[in-house]
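Order of writing sets the labels: A, B, C, D, E and F. Residues in every chain begin at 1.
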């Protein structure tokens, strides 16, 4: 079976990361993965949420928003306008926040907040994973700026983090699903992991019929392989923007 | 290291399932797992949501709600009263719905909706997993009633489904976390699975630092073991209520 | 004319009060009156609303909530979820709060708040009166706990308060209406009163045609008689829970 | 003890009713009772709410709204603007609706809706009772217009209805309380009744300490006396506007 | 072509201003312009919004609200009740606020807020302009009261401000449009100006087809002429209420 | 006096229009005017709003949204998320809609809707005028696509429309204000006009002190001059995207 765009089953979509696309944010990245486009901005705020006040530690929070024309048909109402964002939106932005918090040492960040906005301009599957992958680049740029400005006294980046989806589609395992692949998948698994293969978050859901344990194992294997490829692209993009990741990362004990 | 309530690390909490606690619902179950109490009701509605109208297939939906005094301190405002339910509540009720939809053959259900309400009366960790486990019993009772009333022409239950949490706490893996164990866990994994060990949903999150692949594997092993124990309790409770699960389950091909 | 459940016209429904049903709340009571089931919890909070800050006096507030399956058909949306509670809900919880405030000496309570949650699990008429009657037991248990803990320096319970409905149904006066009786009533009167027959609140409404003064008088008579019976059940339930009401009540001048 | 405005205890405030103040509404009345001013409009809509469609009967609904400057201090936010109206507002408008529905034969009205808007321009106590009393005049004018236009085939007004408050203030019973009297009252009772003394609604609340049955009886007596006086003023105002109430009222069997 | 009410094209509608109609507000004015009736109240609050705290300067804010029966048909829902006010309402009240802020020297007002409520009781076109014209009178009365009470140390009124509409209707320019004229207008221009012809705000909109510059010029000319007439009526009304505008106005440099 | 960015007073900011930036929308344009960046998309929907159903004519509607990081500081909450969009946002999107409706012949468009979304990614003054100018390009592209697809039977573009601001800053008139110029302006005028100098909308507001008629005239002159320059840039951008405006425009009578 071949994929619509000619990719091999274990091949992620082309990923273009454009650091600095947004000029006001401390860090930003326009991430294009196939037909999916996400504008990620990372903003620094010199305060922390109530529950952290006075503790001297930092916070990272994320927001996820679909542009009304992110899909082939325009959505009549902007999600969350005049009412609460949908359950899906909230679930996704909570995931992005958790994923990126794993990448940064919030103690080392100090009493400030990194707010990462992921605005999906065009959607063709994998918007949450592309948000994590692009969001990491935006946040790393913001941290690099803090470092350049002499406002950090020790490394803040703990791990390079990226995300990818894996699906069980018509009897085959496929990496980095496009929208039409995703909607036909029997199982859909999203994996957030570090460059070296440790797991930050795994979410796998069988649509309809439960899946054997062995299938889940193979999906995680494939996902880790994909994250490793994406992480290389992140490092290249940051290097292109003058940021050497290694210098920013917390040395391992 | 021993657990506060003296359990072994691989031992789930005592689970009491009281079928029929709520007298109006077509199916109901008061589920007590240690200090956690969830009232599950399953209601049958002879209609389906808009997106399924005219397709002849059924639907299952779930709502999750915390009682304001479910915690040691009363919450000042009922979650979702006068405003949208919190992101956490929405994320949990979406999980419960997906988990229980995997248990039932919605084609065989016909054009009706099973609405499962999970009201957490007391909370001491594991409210989402207890909701799935108790919600399955309530929904199975509702299906049994439809069968008794001659309103179903073939079996509707596809798989017996239950859920449990596994944590990585202070260097050890523990099954079915109580609240204080959960808040100290380095990794928290919720597993929804069938009695025979197929996976419906896996959600694992590292708090702070990513975890090695091998740890995730061991957590899934432990979780599957726990689900098997809970499934036995479900079958007993249903049998006590006069419902023989085997007769209701879709025969395997 | 006989009543569906065989009761005499001046006979209230069987009332079962289960103190301590909810284990976390300082006081709780599951109240079953015929087909109506209300879970009442009383929570103590060591603060007071803004308008009472610095005055050294206490407050009692009530919330009333219908479970979505409290009726023969499930309500599609939980009342008040994502929007304001209905006018009916607000009217009822204001009544419950006023009724219970009359039972307690809020000066003697000190600068703390008693929050009484009345969750109607099953509804067959009289949910507001059963909430008052069961809510009093829950609140009295919370006050008894404060007394045992040595946190009160004088009696706080001013009066034992209970509530009941009276209807003018097909030409006859009936006590403690079930739902089908209530919906056929020409006049519906809810009475909140003390054990000894003083009136806390009276609310009588003619549906459609106004009623003669004399009928209202007879309805109040019948209601006071009913409250006296319910008050005896409250005292028994509290005694069964080890709480002697007499010791807690403010001595009369 | 004398009242601030020199009235006798059993004397209602001066009541000025200005029919036709609002020129667009089918019926309207500006009602001034002492320092309380309510603009009442009655609008006819040739449709009925969903639950009455196809039944051929009519409906009457009421809305109550405080002007932001109805009190000595302006309220920062208009009640109900951008959020649900307060519980108090909803409770009051439900009362006004019930009270006025008792005055009209909704079968005879036919499949149309009378919407009565009561906008409190200035408030000095008794806003709900003045709304009922003025609202009746507005609604009667709308019905008179329907009659003049030949759109009714039989009388629609069943009873002339008015409302008044009675209080137990510093040991004395007082009729038609001004705001400062009301806030000092030990018991506050609102009575809606017909001109001839039948009761439509009675709502009495003891603030703090329960009251003897006999006091409630005396308050109802005084209230009925007051309603009779107000009803005379209503009839005069309608006559002044060219509407003879007797011709519009359903003849008694 | 003649206008429905017989006015000349350059003739504004009859304007009746009734100062003091609302007895509680520091300043008030019931403004009737043809079939449009607006109740304007000006309330003084001895505080300022957050963004002005500590600056010693004052503020003026406006609210605009349509009565549900302001139009020939009652609107089913009060604008802004239980949800945000409509875009139109917000746009109008922002205009009224800006217009009236130009009339007063907010530095001279001191750290207090003038809140001007414009409640449209009946609407027949020109509700925003009548709100500005009547709102100025209400606000001027409130300022006069502050002056009488000795709470101002220098004049606060900078300019006498009024507003009027001009339309391009069926080939002719017309002043102060009634509703049916307005809905047929090809261009609609609202002008807020001072008595002496300086411009505070101009808003002109072509419906459908753009208009030549010259037409806009002629419309502004006509509008300034109309404002001058309305300003004379404002001065008369204030004089009738015992307020000599000249004494209150800031002397020109 | 010179401007911060060295422009002459009558010189608009550099305007870059990138047609087709958004790949899913029928028409799109990324508009950069100095430091202001607006993503404009035009979506075609083959239906019309309720009030136009069955009339065979089309509609154009606009939405305006600020990205949370459009300003130097991130806004804590996305405007309109979970609550109504601000009054400013609603006022602006109403203006954009009116402005663009003047550009198109909605009868010729047929029973379909053009929805123009203007997302401000970065803001440095003039976001509403840049939205109109860029929105016209996006909408023209969508109309060109309809024409290419043979779905229009006659020209739909009535006029080329663009917008610009003019300010009275520190005694001088300036065109196309940047944010810091705008906040210091004594008068702020936004002009929407056609390429040939007809006026679609004029909105001028004096901050604080009213302005002489002559100043308003000079501001309109300057604005018309600026619109003419911007219109040339629109035509170039469209030509670059293969769209010849002249062929699409309704021939003048």
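Everything below uses one rule, namely that contacts are C-beta pairs under 8 Å (C-beta built on N, C-alpha and C of every residue); 3 or more make two chains touch, one makes a residue touch a chain.
Because the structure is a prediction, the values reported are computed rather than measured.
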Both-way neighbours, i.e. chains that touch chain C and touch chain B: none
Same or different contact residues where chain D meets its copy chain C, judged by the half mark: same
Rounded Å distance, chain A centre to chain B centre (Cα mean): 29
Centre distance in Å when chain A and chain E are each reduced to the mean of their C-alpha atoms: 52
Chain centre separation (chain D, chain E; CA means) in Å: 34
For chain E, residues that touch 2 or more chains besides their own: 82-84
Residues of chain F touching chain E in the complex: 83-84, 87-88, 90-91, 93-94, 98, 101-102, 158-159, 161, 193-194, 197-206, 208-213, 216-217, 220, 224
Contacting residues of chain B [partner chain C, same complex]: 22-25, 35, 37, 39, 41, 43, 45, 63, 65, 67-74, 78, 80-85, 115, 117, 119, 121-122
